[in-house]
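Inspection log for the structure reproduced underneath, given as structure tokens.
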Amino acid sequence: MSILKAAIIGGGNIADNNHIPALKELGDQVEVVAVCSRDLTKAQALADKHGIPNAFSYTGEMYQQCALDLVVICTPNHLHYPQTIEALEHNCHVFCEKPPALTAQDAHEMADLAAQKGLILAYNFQLRQSAEWELLMRCKADGLLGNIYHIKAHFLRRRGIPGWGNFTNKDMQGGGALMDLGVHVLDLALCALGYPTPDQVLGNTYDFIGKTGGKGLMGNWNPKTFEVEDAAMAYLSFPSKVSIMLSASFALNTQTDKDRNLEIFGSKGGVKLFPFTMYTEIAGELADIQFPYLEEVDMQLKNTKAFLDACQGKPSTVCTAKQGATLQAIVERIYASAES
Amino acid sequence: MSILKAAIIGGGNIADNNHIPALKELGDQVEVVAVCSRDLTKAQALADKHGIPNAFSYTGEMYQQCALDLVVICTPNHLHYPQTIEALEHNCHVFCEKPPALTAQDAHEMADLAAQKGLILAYNFQLRQSAEWELLMRCKADGLLGNIYHIKAHFLRRRGIPGWGNFTNKDMQGGGALMDLGVHVLDLALCALGYPTPDQVLGNTYDFIGKTGGKGLMGNWNPKTFEVEDAAMAYLSFPSKVSIMLSASFALNTQTDKDRNLEIFGSKGGVKLFPFTMYTEIAGELADIQFPYLEEVDMQLKNTKAFLDACQGKPSTVCTAKQGATLQAIVERIYASAES
Amino acid sequence: MSILKAAIIGGGNIADNNHIPALKELGDQVEVVAVCSRDLTKAQALADKHGIPNAFSYTGEMYQQCALDLVVICTPNHLHYPQTIEALEHNCHVFCEKPPALTAQDAHEMADLAAQKGLILAYNFQLRQSAEWELLMRCKADGLLGNIYHIKAHFLRRRGIPGWGNFTNKDMQGGGALMDLGVHVLDLALCALGYPTPDQVLGNTYDFIGKTGGKGLMGNWNPKTFEVEDAAMAYLSFPSKVSIMLSASFALNTQTDKDRNLEIFGSKGGVKLFPFTMYTEIAGELADIQFPYLEEVDMQLKNTKAFLDACQGKPSTVCTAKQGATLQAIVERIYASAES
Amino acid sequence: MSILKAAIIGGGNIADNNHIPALKELGDQVEVVAVCSRDLTKAQALADKHGIPNAFSYTGEMYQQCALDLVVICTPNHLHYPQTIEALEHNCHVFCEKPPALTAQDAHEMADLAAQKGLILAYNFQLRQSAEWELLMRCKADGLLGNIYHIKAHFLRRRGIPGWGNFTNKDMQGGGALMDLGVHVLDLALCALGYPTPDQVLGNTYDFIGKTGGKGLMGNWNPKTFEVEDAAMAYLSFPSKVSIMLSASFALNTQTDKDRNLEIFGSKGGVKLFPFTMYTEIAGELADIQFPYLEEVDMQLKNTKAFLDACQGKPSTVCTAKQGATLQAIVERIYASAES
Amino acid sequence: MSILKAAIIGGGNIADNNHIPALKELGDQVEVVAVCSRDLTKAQALADKHGIPNAFSYTGEMYQQCALDLVVICTPNHLHYPQTIEALEHNCHVFCEKPPALTAQDAHEMADLAAQKGLILAYNFQLRQSAEWELLMRCKADGLLGNIYHIKAHFLRRRGIPGWGNFTNKDMQGGGALMDLGVHVLDLALCALGYPTPDQVLGNTYDFIGKTGGKGLMGNWNPKTFEVEDAAMAYLSFPSKVSIMLSASFALNTQTDKDRNLEIFGSKGGVKLFPFTMYTEIAGELADIQFPYLEEVDMQLKNTKAFLDACQGKPSTVCTAKQGATLQAIVERIYASAES
Amino acid sequence: MSILKAAIIGGGNIADNNHIPALKELGDQVEVVAVCSRDLTKAQALADKHGIPNAFSYTGEMYQQCALDLVVICTPNHLHYPQTIEALEHNCHVFCEKPPALTAQDAHEMADLAAQKGLILAYNFQLRQSAEWELLMRCKADGLLGNIYHIKAHFLRRRGIPGWGNFTNKDMQGGGALMDLGVHVLDLALCALGYPTPDQVLGNTYDFIGKTGGKGLMGNWNPKTFEVEDAAMAYLSFPSKVSIMLSASFALNTQTDKDRNLEIFGSKGGVKLFPFTMYTEIAGELADIQFPYLEEVDMQLKNTKAFLDACQGKPSTVCTAKQGATLQAIVERIYASAES
């Protein structure tokens, strides 16, 4: 199988620390031939640091000069849509950072174009690659959980409004805690259920703390320019009575600063994901099962590999374009409910 | 102030162990003059045990023979409505076990009649009397929480479907985990918010485990006659964007068998109720506050006293007829949502 | 089924606190009609306390005057043999305290006579009735352990040489820690393996602390009259390479004063008995399983019931006469090995 | 005292990470002048990395070209015997990895030749150099333990069958868990007793998990080529009734993956080695003694120094040739018992 | 030895719950023949309850009518002096509650009169009888501590101002936390040092919380009538440079409500009393020694027995009249320092 | 503001690891232009390592050749006085290591000269810069503690007599544990109180362990040359009845080797400093407040910055010359008390 030619779009931390190192480690499947950032100095610096032959400040120039099989999009949320469309039109597979887009409409168009072109469009929801999630999917497949009927999913920070970047800018990010954090656990919850579309969605968003200010644990944010939600709560009801309770926060008066977990309730067994514990019955007794030797894995490496496998036609667990569109539509409905 | 004359309706455990002992300890406010149970033997046994002068098998006979100021209703849920109406018509104050009734309509009628008669109708939601809840209300009054905007409330058992009584009989109880357990924490959540009525309600109910059977931790139940929900999940959205997430279960594949708690999130502080912990900022730092010397209190005794105080025109924290009707309407809307 | 007539032989604590209360609770199966003790005052006091109609100081007199279906023998070890033989000859079932006898020869004779008479002879190894042991047997039956090939069994006290009774008298007890404590866990280990007879036995016994003296945690013993072993260690090798490591002590310089446990190692799973934990693989991962809701049971009550069931021809888990003889032979071989 | 000239035989990890760094740090006693490995590339790479002047692929060539005082043997077990004999015949002291040899006969010949030549032959049992073991030997010397009469020694892994090297190859290694792990704790147990020879040995070996396969925690092993024991259990009975219980496993359904400990029971005090705790009586009371400031030491460095001290005629705690032969004979008797 | 005739003076809880039960259990040494309380009803009730033949309201009457060998004084502090003098003059041994008296002068007179009369006067400092203190004295006697040179002693309550009795009345009690609590741990500290008299005393007393009011954990006290210290801190310097740091509080903003402990620092070993832990060196290593099997003892029973033993001329550990006077003088000097 | 020119006096660890790195990080305020050590080789090595342009062995030469704004004095205690005087006379600000000097007289002279010259003289008490201490000062300023009336301060090591340097040399260091460790916590305690001067001081010093020898946890010290105190205990009584209990040790038979803490007791709240916990009342209940997100800070960096700020006329929390003199006078009075 030939080596895929890849380009990186976006010159920030996530390109530098996550995507490029992962791609470099997968040298038998992929070669990074270009990096593109509006700021050419940044692009060049990244290229130099990682030994990438080309640096660009315009994607158009890049597509013209380089023969690419795929691009990795690591730019702010509002650029995901136009850059994905452009890449697909240049016949490139696309590995795009989450969330998929700012609107459901955009995400659907992206998925449709990928399908039409026969290209892979995938989103970087890394938690799918954790040892815990893989074990959950094996337990589900082995029937240990029975029918899954309710999931509680949350990703809560106590004072984790980022003091850097554009995280509190609504136009660029499309939203706050739900868009940045909630989508991670929502993706997992949907995976556990087979990625259905809910019948009903009810939710609320808040910004009391974000707009008031306070102690910052991820740098200090400016309450005066805080435009997004600091917390979002939602309930999703699916066909066959299945339901999800979803909570996400940048700032909330809660116990810990990083509390990210899912509880999956099935008719035969329930699972708390972190640390992975199963609650079930064994030999007629209530049993708690722990897995003390689960490995910590490099989730980015595994997710990048999953994307590359998909590009090469192999089975893959990466988040598909269609799943991304389904998820984006749910996010949009939560925001709509909150504003109603 | 004269001593109130009281009668007990219902001859089960809750009369024997909770209500009668509480009333006896409050001898300066109340005297128990009669006990009434369909089964006269039971009524007589209770009367003998507690030194109550009269025992009856029909309430009609009781009202005829005894001059009563109040009755305490400790019968299955479906009898709350008719017995309350009858008592009010005999000009008695009523202290009724929870839930208020089987339908919102009934609960509203009960409240209306009480109002019209100028009588006290109150419901026995004891958790309001816990030291934790009283402290919460003081903290709220002192402004330590700011605006409360979200509450997570749950009352979860792992395998606590009662193996006795009528708890799994839908006609008599009107429902399962929500009706029996969920109402306790829902009442508290509503109290914290000023007992508003939600704009929107979305919920689901389940009966997988109840209908399949399994290990019982509160005796063994019969899955063949299991007619109610073993779990209920709901989301309530109120005016001003306030929201409640509610979870209740008789049976769920979760960690502990008795997990009852509320998390109250306010703009200045948040509280986890059991054990009471506040999350806030003090002197510019994130602070966790614990209260290691909260007393355990006799909640039934305090709630009975609150009811008697209300009857005597004193300030009281007991659940009012109107609050009970509001709560019952929400419960009904959750069931309706679950069936839609 | 008619009520069995029972007599108690022996007037000590174990009769008073364990056997008689258990028999009284099982009044639908058994009636205690006599108690017999060398010391008639003791016998009469027990009879009075528990409402037993007859008290005797000679068993001969008792058999003459009472029509008995069964006897329970609660006397020092050296009396188990003659009293069991006498009872069987009077056509009584026998429930005998552990250990079965002082020698393997005696235990075999007892078993042979019971078999010949068609009577039940059983030994009071109560741990078989613990919720943990029952769960182990269910797990084994369900194949969760695979082939069991090694067991570590120990019953260790740090300074638990009893300061009362005849526990340090070799003629009356036949031995020390092995005879009194080790047999309990040896019985369980043999049960788990199907009660096989070992090919080879190697063991040692010690009496350093017992003969030196020291702090006593079960009263103060007299080192000058200490005649038995304070610790015994043994290794049993069975056909098919199965093995048991056995440790028992009245006194040992070890961490805790009461350390009684078994570890059962099987090809698919291993179990540590107290608290019950299983070590195995689930869904391809190493899993630790705990059972947080195991009930504490009244082991004496259940074991007495098991004996009565056996007398009435029902299935039973009580230790049989044949098992008792097998166990006694192993104990004898350990002592023989220790003295060689 | 002149600096000793040393050579390393074997080019694997243990040479690279343990022996060479230790020798380099002891530059005032020893100088490494050569490294020899069948694979000359490996030998040269090691020499280059550590600044060793010579690299060889044949020991014969090495002995011819270098004037050596000692060699360190870091090759697979089956080479220990021939390489030791060869080294001794070239008048070199030998520091050999454990276990001493494949057979007792070989180990005895090695010891005899060393004695005859007046050379030091020593084995690398590092645990003797731990702070815990040194403290134990001091406590024993101070009489704090009294007579030591029983030792439980175990080295258990749950799923630690090495997925690399030749650990599952019987011809090269001579055995499995006992040969690789059990010898470490057996050496300590024998040390505590003065290195006696047992009167009787009884043991068993198992290979259920090794031959079936499963989750590997030290890489993945191949069950089809698994030839050694995955677990060994043994009981050793010595003169004066002293005894050792020994357990070793590569794979066992037990709680932790690395459980290595000794319990030493003496008439005055007992010790659990890791973490070091003594159980004894002080001032007439049962006392538990902990030593919270024991240092972690570089055991390899200290053991290498102990060997060099022995070569230079100083007192030393290194495992002698005679002790090694005694240990090897016991190992052989355990295997013989297991096969009988 | 003849049975001693005893009388109880004082009709409060400490007589009823502590002293009388202890004396009754020591029936082979003592017989309680009278109880005397200003309130004859109380005296008679106590006499009836405990089967004591005589009840009096005046001690004069009691001494006239009963032939007494000893009295136990359980009255408020200001009565200790006159009642002790009276009892000694009636040739009775005296067992007096702590503290000895209101002034050093009184305590010395009491001791002098007892000495002159050849009678036992002793004070009820029970902690001397704890298993911990007895072990400390044995350790000291065995030389395990070396020279004791510094002691930290404290008895701190967070909000333990008693809401009953006369504890906050200065005239009746003579002081607050120091007089009521501090003396207990001061007595122990002085015992450990051989009951020396300090060269220098420096101390302070406080009453901020007592006079302000707040949450009460031992009932609710009245800040308006609070006359004593709520906390006292002191430093005592003795000949040979020995020193004690003493802290006592009824109310202090500290962690726990009951924090009572001593740390005794010696040249060879140090001890923290509760739970008893020794810090020393063993075999050249720093060692922490715990005593996990110390019994809980009935300290009152043992202290009463110690007093009776003293009366009968046997060796005794009870606090002597002379020690009591030494202690009282120190207390007085602390108060004097605080007021200077 | 112009960059200050600085020189380092003293070539030991504290210069190398603490002061120089801190100054280098504060390059916008200060430039290190010289390092001076009696041992020129050391001075040159430091200069080379840190890129400092000049190295000297005599301060005179240094002042002649370099135009300096400030010096940092990192030499043994007995040099603090002469080197500070010399620096001030050369018109340099001085940042001097603790303790200020060997005598109160010296410290006062140093402060007087600095005042007279209008220069900053400050001492390096770093703990003032900890997040915990800053929070304490904020809590005090916010009135959360009320009146502070008692402080317990200790800095205890179990066996931490330094085995290097001159810590046990009385002439060079002026004292032992009090001079080296106690001053740190004494400085904090005085800060909390506004740096008052005590009315009375009572204290003792000890050297039992230091002169006897034993296990060393900070290297091995020589008991034969041990001249200072290994422990010091003191009580300070201030105007308005405020008091401090102070304990410091290099060696003491206590639980842990590094136990450094302050407890600050106020009328409204109390604080235990490490980890920071406040004990107070909130909403009428006893409350414990923890601050789980306090950052660890680089205390040296912050304290150096505080000194530089003071030099530049900005507000600063660094220990002033006057405070240093007050503290030194207290230390001297403790030693005087101990010797009296």
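Letters are used for the chains, namely A, B, C, D, E and F, taken in the order the chains are written, and counting of residues starts over at 1 for each.
Basically, a residue touches a chain if its C-beta (ideal position, glycine included) is under 8 Å from a C-beta of that chain, and two chains touch if they have at least 3 such contacts.
If you're wondering where the values come from, they're calculated on a predicted model, not measured in any experiment.
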Please identify each chain that touches subunit B as well as subunit C. A, E
Steps needed, at minimum, to go from subunit B to subunit F via contacts: 1
By mean C-alpha position, what chain is farthest away from subunit D? B
Need the CA-centroid distance for the pair subunit A / subunit D, whole Å please. 51
Whole-Å distance, C-alpha centre of subunit C to that of subunit D, is 43
Nearest whole angstrom, what separates the Cα centre of subunit D from the Cα centre of subunit E? 61
Check: subunit F positions touching at least 2 other chains come out as 158-159, 215, 217, 284-286, 288, 293
Spell out all pairs of chains that touch, sorted by label. A-B, A-C, A-D, A-F, B-C, B-E, B-F, C-D, C-E, D-E, D-F, E-F
The subunit B residues in contact with subunit E across the complex are 293
Touching subunit B in the complex, subunit A uses residues 146-147, 149-150, 152, 158-159, 200, 202-206, 208-209, 212, 214-215, 217, 231, 233-235, 237, 241-243, 245, 247, 252-255, 263, 265-270, 272, 277, 279-281, 284-286, 288, 337-338
Would you tell me which residues of subunit A are touching subunit F in their complex? 159, 215, 217, 257
In the complex, subunit C residues that touch subunit A: 135, 138-139, 142, 144, 278, 282-294
